[in-house]
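The two complexes that follow have chain A in common; it is paired with chain B in the first and with chain C in the second.
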Partner chain A sequence: MSQSRTTILWLLAFPVCLLTAFFVMPLSVVLISSFTSGEGQFTFGQYGRILLDSYHWDVILVTFRLAVLSTLICVLLGYPLAWYLVRIVKWRSWRRACVILLILPLFTSNIVRSFGWMILLGRTGLVNEFLVSFGFVDRPLRFLGTETGILIGLVYILLPFMVLTIGNALAKVDPALEQASRDLGAGSARTFFSITFPLTAHGVLAGGIIVFSMAISAYVTPALLSGGKVTVLAMLAFQQYSTVFDFNYGGALSITLLVFTIALIGIASWLAKPRTPELEGK
Partner chain B sequence: MTMVVRLIALLTLGYLVLPLVVVIGGSLTDTRFLAFPPQGVTLEWYNVILRDPTYINSFMISALLAAAATLVAILAAVPAAIAISRYDFKGKAMLSALLLSPLVLPHIVLGAALLQYGASIGLIQNFPALLVGHTVIVTPFVLRTLLPQFSRDQVSLEEASRDLGASAWSTFFLVTLPQIRSGLISGAIFAFITSFINVELSIFNTTAELNTIPVQLFNYVQYSVDPSIAAVSSITILAAVAAIILIDWLIGLNFLSDQ
Partner chain C sequence: MPSGPPLPTAGTAKSPTDPMTLLAISNLSKTFGTFKALDNVSLDINQGEFISLLGPSGCGKTTLLRLIGGFLSPTSGRIAIGGEDVSALPPNRRPLNTVFQNYALFPHMTVLENVAYGPRRAGCSRAEAEKKALEALEMVGLAAMAKRSPKAMSGGQQQRVSLARAVVNRPKLLLLDEPLSALDLQLRKRMQLELKQLQMQLGITFIFVTHDQDEAMAMSDRIAVMSSGRIEQVDEAASIYRRPKTRFVADFIGEANFVPVTGDRRELDLSQEARGVLRPEALRIFTRAEDIPEGWLSLSGQVTAITYVGGLSNVYLKAGDLELHARRYRAPPQGVSEGAQVLACFDPAEVHILGA
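Entry: the complex of A and B
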């Protein structure tokens, strides 16, 4: 017994010290300084600044609007793609190629991916050229520096997470259940909405919350595609550290961002637990 | 109905691939400005990049940083995974939650925290400062892929090895390690990539001399866009393709299959 306790101590010594020294401690420093005034006194004032300033409400509003819209669009595009990969594609090599295409963006830097959109969405970029030459618009639209541009980039970055989460939920649904529903006379729409979708709803919710929390804390994509014209919460926090050097206020912004993210991830992992054991235990 | 789903799915796949194709295409252009579709085909921009010492320097720093962070992460994650999967102790659930929590933390928050904390202990704008941050975020990747590799049946093999007189170390290297190898390799590749493409954490601790490839690209792209940037980006995309093929070959990519 005591020998195994010594072994456990030896095994855990390095990982625990590493995480304590360079993860728990730094975050504690930020937490403490977010409750500290410029004169070193304890205060709730830094959080008060966030809540009372209307500019910050605008930034928070923009951040949330972008996160909500990118989550919705990710579900609308991600569900059909997941369905296609899990249910429609029969040819294994093509599915494998599609999965590689799906995860390839996850293996490339946000910079490179956002950079691709900077080229595509410019005044003379491919998207505008397409829209103008096919007569959808009279003159080139402005995407860069607008919320639409950021939205296109965010959806692009986050979509693979949604497809993988929904796809995993979908792969666990037994097609025999759908077949039974069809045999009993339900149409394909009714089968989808009363059988398949409810069985994958936890996957959609979990994916949605992962995407939402990543969209809220995104920095690189909004920074590159906004051209400094639109500000989101992560950019505001970064400014406090990099140019304003107000660590107390920056700390309060960071902790706000962190609390949002942790709360959402917590809800997501709770929702992702399978709800219907009697159907899963086939 | 199936046709509609197929159409949306294929268009969405196109949407996922388009920016990468544009970056690679743009890097081949003959013009001094970035053009897509490329006008003419040349590899000149790759030549420009490969002759630029600042890019080579950043590339070396990024590779060294990712390799070092992966190595330290393995040294931390392997013993942690053994402790979590082989022993019962108080606070085990909390410990694994702590060790995996950097996965969900916004990197920009950790970057800011490490800057502020590092400033007080002199760990700032140097290679160790970058290394500790990267190690913290990649350790959970290795741990997460390692944990499912430890199964109950291995215990009896390990016990047999000990009964036959092998030391704890020989048992680890000869019996345990070969069985967790595939998880270790894929975890290490994920860790390396995560470190190699990171911006949010590195950006707080990089300087003109100590710069990583993604941060250098980030700073450059904010002011100007030219084909040489597309060439650097293309190199990283091709490296990503190579990494995915490597993972597929080593462990098989069976996401989203029926089983």
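Entry: the complex of A and C
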């Protein structure tokens, strides 16, 4: 009896140590330093600096706008793509090729891919050349240094996560359910909104949370594509840590980002919670 | 297996405008790549009929059902329901419903919502749809479970829910895709009876796909036996059993001995091809020649195996090149044992000659 208890304790000790070392400790350090003044005293001052200053609110707004928009665009692009891969492609090798193409960029560095977009989106880049030569626009558009440019980069980098999560959910929906819906008189749009989408909503939510949290904490892509003209919260925090060496203020920025993110994800999950409508007697 | 030339349809001479004909399938083919899943099939199905599509897996029966349901589009040919060509219509615009093999109940809806889905799409108000759904559930004895999730039900209950969902809109035609194959034997037997009763009560035409010949024979008015994308024979169960048209049908429906009986005088001619179908229950085993009834034909052979199960005895024997199987509803005859030399005898009138 006592022996099995020690075994359990040992078994528990391992994950507890792991979680402490990798998750609790770093976060605690940041949390504590965010409540510390430059002289080592406890203070709310760091948060005061952030929340009482309209500049910071602007940065927070830009950060969230970019994250929310890239999540939405990823859903809108990712769902059809996942649908294509799971439902339309019949030829196995082609599907495999598509999935590899989708995943392959994830193995290369984020920095390289963002630089790639800098070249593509530049004034004389491929995108502008294409737009101008086909007469879509008169003059080259300015992408670099705008939120649009950052958005394009973020969507490109985060789309695979969305496609894979939605595709995974979609693959688990038995096509017979959609056929049953058609058989019972529903058109294809009604079938999608009544059957397919509700049954894959958890995948969309999971993909949304992944993409949103990666977009909101993204540093490399916004930093490279902003050209210094757009600032997101992660860039501000990085500045404090790397150039100003103000760990307390930087920590407070990180914690602010974390709190806002958790709040938004919490709200989104609550909204998306499946609520089976209570059927009354009649 | 001889596939032979295309066989005429249904055996009955029915014009396409026959008012009794609900579903008219003419020259329907479906090709997947180079594989001919369905090869020039024609079939007329009457109003209120219970017809089974019977055949081994890969014979094209499910393809035919999916073509009728609209989930596949034909390579060539025509499907008409009540005289109207539906070949080009999507599933939601065809006047029929389907009971799917694995029930295909919507897991995110309650039983009631599942059944009310059809009436809702047909334009009923929510209250009206739920009233109809409850009636349909009442019919299959599950009204009390309306608010449950289908995931929390047994296979038999899910089967009933899917049945209620398929008939709630009172379609003209109900397609059933091996609906009982996932149930255990006891439940399957009970559901066979219930299905048949429901069909008669509602007067809906049933097209029932199965690979189980007993199931098809127990329920159907007519059976269409299919093999390699063709319909081999369409007829009532008893006729198919007594007068199979092809060797495939004779072998697939029940068991068959093939004996070389030929000519109008029905004589045994061992030099001829064995084209006479003799059912095992018509073959009797004797040990002495003087016991053989007058006018019967006999073959002498050696017993290779005997089984005796539940009041049913089977004797397998070899007579020259022929392998024979005799069955009777009592113990094997005295003096018949493995290796014994016996006489296998039959009334020539019991023999059905293929292609005659």
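Going forward, the second predicted complex is superposed on the first by the 231 of 282 C-alpha atoms of A that agree within 3 Å, B and C clash if a C-alpha of one lies under 4 Å from a C-alpha of the other, contacts with A are read in each partner's own complex, and residues count from 1 in each chain.
Here is the rule we use: a contact is a pair of C-beta atoms (placed from the backbone, for glycine too) under 8 Å apart; a residue touches a chain by one contact, two chains touch by 3 or more.
This structure is a prediction, so every number in the text was calculated from the model and none was measured.
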Touched partner set for A:M162, first chain B, second chain C, both or neither: neither
Partner chain(s) touched by A:R96 [first = chain B, second = chain C, both, neither]: first
Chain B versus chain C as contact partner of A:M25, first or second or both or neither: first
Chain B versus chain C as contact partner of A:A186, first or second or both or neither: second
Partner chain(s) touched by A:T108 [first = chain B, second = chain C, both, neither]: first
Greater residue coverage of chain A in the superposed arrangement, chain B or chain C: B
First, second, both or neither for A:L144, with chain B first and chain C second: neither
First, second, both or neither for A:A176, with chain B first and chain C second: second
Chain B versus chain C as contact partner of A:I265, first or second or both or neither: first
Footprint overlap on chain A, comparing chain B with chain C: 188
Chain B residues touching chain A - in the complex, by the definition given at the top: 1-2, 4-6, 8-10, 12-13, 15-20, 22-23, 26, 34, 36, 72, 75-77, 79-80, 82-83, 87, 89, 95, 98-99, 101-102, 104-110, 112-118, 120, 132-133, 135-136, 139, 193, 196-200, 203-204, 214, 217-218, 221-222, 225, 229-230, 233, 236-237, 240-241, 243-245, 248, 253, 255-258
Residue numbers on chain C that touch chain A, as the complex places them: 69-71, 90-92, 97-98, 100-102, 104-108, 110, 112-113, 117-118, 121-122, 127, 130-131, 146-147, 165-166, 169
Contact set on chain A toward chain C in their complex: 174, 176-177, 179-188, 190, 194-195, 198-199, 274, 276, 279, 282
Touching residues (chain side chain A, partner chain B) in the complex: 4-5, 7-8, 10-12, 14-16, 18-19, 21-27, 29-30, 33, 77-78, 80-86, 88, 95-96, 98-105, 107-120, 125-126, 156, 159-160, 164, 167-168, 171, 188-189, 213, 217, 219-220, 223-224, 234, 237-238, 241-242, 247, 250-251, 254-255, 257-258, 261-262, 265
